[in-house]
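Once you've had a glance at the structure underneath, I'll fire off some questions.
Each chain gets a letter, A, B and C, in the order it is written, and its residues are counted from 1.
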C-alpha cells in the first residue's frame, strides 16, 4: 500500500494542503481598541500621505530632454560724452546672438580707444607697474594681471608726473580713461521670447511652453502667470523685478539672473494639466568681492595692413534659462512596494499589543499559556545532550503542562 | 535554587527559545488549488515583470556627466543676384564656431547694405512708423520694435510716395530691400562629427561614442545604425530626413533639430553592450506664428575712423545635441526591497483563502473553531469590569468550549 | 434574546476582539542559536549597511539647477617667425568671451594670409585636387572637403612644378604655408575663476562654491582642496596636471578637459557640511585618429569696399565645467519602506529554522504534530466528494490524532 505511486500522490496532496495560522482570540475590549487605533493611524498615514500626497503609486522621471530657443527684441540708446549718441539694436547688445539658453544683454560698456600692438606705459593700476627708475622694470617680464610685456624702460604716464614701466602690447592700455556708455535707459522695456520644449523619454511625453493652437497671439501678448500662461514673452524689467533686484544697480554692475522653467507633470491627468512654472532668481553671489558680471571682447579692424582693435569691457544682465522637470505616472512596482510596506506596517501594530497583552494583562499567565505551546527536548526520546537549559525549562514548564498539556 | 544566577540563566534560555506559529492544515484540495494559484500568479509577476523586465535587482543612475565636441565639414556656394557668387566655408556658416553641443549651420542670410549711424526714414513695416506730417513723429520717441530714435521729421521713403518718420540709427534700415542669399544647394552634403563621452560617477563608468581601437576609419566612414554604429559622422541631409522634415523648407525658414544620444546601459553586462542610440527630432514648434529659427548679427568694419557694419539676418538649422542616459547595476538594497515585497505579497494570498475558508466552507464552524482559540475575561480571576462584550462573548462562546475547550 | 440589536452589538464586539497567532515554543538551544544568529546578521545588514552606509532613511534628489560663471585672467605672447612678437590678452584667446560653462583658451593658431574671394589653385592636400590637365577639373564641381568651386582649369601651384585644379573661393587657400603661432609659454599661469551656484528645488536648498563671508580674499587666493576650498581660482597648469595630461602636448594639439564639480550633500547636517568636490578629467578621446581639439574662425575686414578675411585655425584647451550633484534628506517614505523590508527579512529567518526543525530535529514527528493541527474533510458532515486526497490524509493522519487529536 505504501508504493512509490502513493508516496508521490501523498506529496502532491500535501502540496495542496492549505495552511493557516492558529489564532488566539482575546475577548478584551481595551486591547481591541488599542489594536484598532494603531491600525487606523497606520492606514491613514499610507492612504493620505503616501498615496494621496506623495503619489506613492507613481513612477517618476526627472530631468527631461529640453531645448531652449530665445529671441530678444528691443532697441536702446547710449550717450557718450563728447561723441554724441549711439543707437543699440539686437545685433549689438545680445551676446552670443544665436538665441540659446544662456545669453547676455549688454547694459553698459567701457570702451578703450583704438588699440594697436606697440609700446606704451602700463596702467598704474596693474601690479608691479609703478616704477621709480628703469631698474624697477625687468625687460621681458610679464605680469599675469598686467597688459603686456615689459620693455625695461620706466616712462611717464600721459597724465604727467606718475611713472610706470613701459610695456609692449595693445596700446593704449585699458585704464581709468575708458569711456563708459550706458544703454540702460530703455533696457527694461526689452522683451525676451523663450521657447522651451521638453521630452520625457521614459514616458514618451513631449510638450512645449507655447500654445500652438492660437495663431498670431505671440505677436502682441506678454507673459502673465494667470491670464497669459502660454505666452512666454517676458519684459526684462519684469524678470529683474521678480528676481527681487534693483534694475539700475544690476545694469550698472551686471549680474546673472536665472529664469527657471519648472515642469511638474502628473501624466495620469490630461496633458493640458502639465503646465510650466516660471521663477526668477539671481544666480551670481551678490554680496561679494568680485560681484557683478562683465567680460571683455574686442572688435578687430584693419587699416592699411595694420590691425587695430577696440577693447570693450561689457557689463550686462546674463540670462540663464534653466529647465527643471519631473513627471509621474502610475506604475505597478512602486504601488505594490508601498502596498506591501503598508501591510507589513499594519502588522507592526500587533507587536505592540502582544507586548501589552503579555506584560500588563497577563494575570497568572492565562494569556501566555494559551498563546505559547511549549515543546521541550525530553518529549523526544533523545535523552542525549540534556543541557542546563532543557533541565530548567522542564522544571519551570512542568506546572504549565496541566494548564495546557497534552502529555505524550 | 531560585537565585539571581538561575533567573538570569532562565532569561538567557528563554532568549534561546525558538518560536514558530502553530498552523492549521486544512486538507481541502479546492482551497489548496486556489491558494497555490494565487501564489503562482504573484510569483510570476515578480520573477518575470519586476526582476526580468524591470530589472528590479538593479540600482539605477540617471543623467550622466556628458561632454560633446562637434565638427562640421563642407563647403557651399550662394548666388547673389547682381553681386555674383559667394563661397561659404566652415568658418563662415557655423555659429558659434567652437564646436559645442549647440550650433547653427546658416542656410540663408538676408543682408542689409552697409550701415552707418545716421538719420534715415524708418522702415514702413515698423509700428508707428508711417506718418502724414511731422506732427505724427514724436522727437526722441523710440519704439521697441523699430530701428532707431525718431528725429521728429516725416520724410519720403526712397521708393517715392510713401512717408515714414525719420529716425536716427543704423541706416539704411533693414526692410524689404534686403538681399537674400541661400546656400542650401550643398548643405545637405555637410557632415557633422559628434564626439560624445559620458561618465556615470556613481558606477565609475565612462564611455565614448567613438571606437578608439579602429585607427583612421573616422576619416572616411559615415554613420549607419547597424554597420557603422561607432562612426558618429552624420550627413545633415540624413539628420533632417530622420527628423521627418522637408529640407528645402527647413533651410528656407530655419529650424532647430535635436540629435538625442541615449545611453541605456546595463552595467551587469559587458561594457561593450552599452551602446549609444541616436534619434532625431524637430525641437521648435513648427505649426506656429513665429515659426522657424533665425537671428541677427553684424560684421563691423572701420573705414577712415567711421564705423560701419553689415547687418545679417541668418536663417539656419540649429543642431542641439542632447545627451540622455541611464545605467543600471546590481545592488543589494533594491533587490532585497523587491524580494521582501514579493514575500509580503505572497502572504496576501492567504488573506483571500482565509476569507473563503471561513465564509463558504465553514460548515457548523468546524474550521473557525479550530482556527480561533478564544480566551475571555472571566477566565482571569478579575471579575471587575465585566462589560456587555465579555458577557456576550461568554454566552456565545460557551458551546464552542466543548469542541475546543480546555476549561481552566 | 437574539435581537438585531444584540447581533449588531456582537459584530462590534467581534471587531474589538484582539487576535494574536498561537505560537509553538521549541525549547532547543541549537535551533535558538541558529535563529538568533540569522536575525543578528539581517539586523546588522540593515542597521549598518542600509541605514548607516546607504542612508536608507533619506529621500534623494539628483541633478540640481546649476549656474556657472567663469572668468579667465592672464596674458601671453607668441612669436611669429618674420612678423615679430604678438601679445595675447583675454579678449583674444578666450572664445566665447561671455564666461559661460564651456569656453576655449586658444594655445596655438594657424593663420592663413589675408584672403579674398577670387580664383587660385586648390590646396594639393584636398581630395581630387591634383590634376594633369584641365580635363581632370570638372567646372562647377565642389568637393565637400575642398576649399572652393572648380573653375575647370588646371594650374601650377606657387611652389612650382605641382599642378592642382583652380578653384573659386577664399584665396589663398589654407595649406602647408600657414603661419603657426604658439602662445603656450605663459598659458599654464593663466587663472580661471569658476563661480558655481546650485539649487535643489525639492529641498529648497541653495549654495555657491564661494565663501561670501570673506571679503576680498578672492583677489589673491588660489584653489587648494584643503586650505582654500572656497577659493575656486584654478591655474590652468594645475587643471591640466590634475587631469594627468602633458601640457606641452595638449597645447600643441588641443584638447577638452572637464572640470567636474560634485556636490554630495547630506542636508540633515549643517549646510556648511555640503562642500563641492572638484575633479579634472580629459574628455576627448585621446588615442584616436582625429585627436585633439581645434576649430576654424575668421576675422573679417573691409578695405575700399572689398571684403577680406583672415582664416584662423585655433588649437586650444576647451574647459567644460560639469556640475553634478546629489542631496539627501530624511524622509518618512524611504525610512518606512526600509524598516518594513527589514521586518519582513527578519521573518525570513524563521523559514530557515522551520525547515531545519521539521527536517532534521523532527524525531517521530513530535514537532510537526504540535505545529500542524490537521483538519480533514470527513470532520465536516459533508460525506460528498470524498477524494483520494482526503482518503489518504485520513489514513496517514489517523495515528496523529491520538497525539494531538480532539476527535469531533
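Basically, a residue touches a chain if its C-beta (ideal position, glycine included) is under 8 Å from a C-beta of that chain, and two chains touch if they have at least 3 such contacts.
Everything numeric in this text was worked out from a predicted model, so none of it was measured.
The best fit of Cα atoms from subunit A onto subunit C calls for a rotation angle of 120°, in steps of 5.
Taken over every residue number at the interface, the positions common to subunit B and subunit C amount to under half, indicating a different-residue contact.
Averaging C-alpha coordinates per chain places the centre of subunit B 15 Å away from that of subunit C.
The set of subunit B residues that touch two or more partner chains comprises 13, 16-17, 19, 21-29, 62-63, 96, 301, 303, 337, 340-341, 344, 370, 372-373, 389, 393. Listed in rising order, the residues of subunit B touching subunit C in the complex are 13, 15-29, 62-63, 65-67, 69, 71, 73-77, 85-87, 89-92, 96-100, 186, 189-191, 193, 195, 197, 199, 201, 208, 210, 212, 215-219, 299, 301, 303, 308, 332-333, 336-337, 340-341, 343-344, 361, 363-364, 366-367, 370, 372-373, 388-389, 392-393, 396, 403-404. Within the complex formed with subunit B, the residues of subunit C that make contact are 6, 9-10, 13, 16-17, 19, 21-29, 31-33, 35-36, 49-50, 54, 56, 62-63, 95-96, 102-104, 117, 142-149, 168-170, 256, 258, 260, 262, 281, 283-285, 287-290, 293, 295-298, 300-303, 309, 311-312, 318, 320, 322, 324, 337-338, 340-341, 344-345, 347-348, 350, 353-354, 357, 370-377, 379-382, 387, 389-390, 393, 397, 406, 408.
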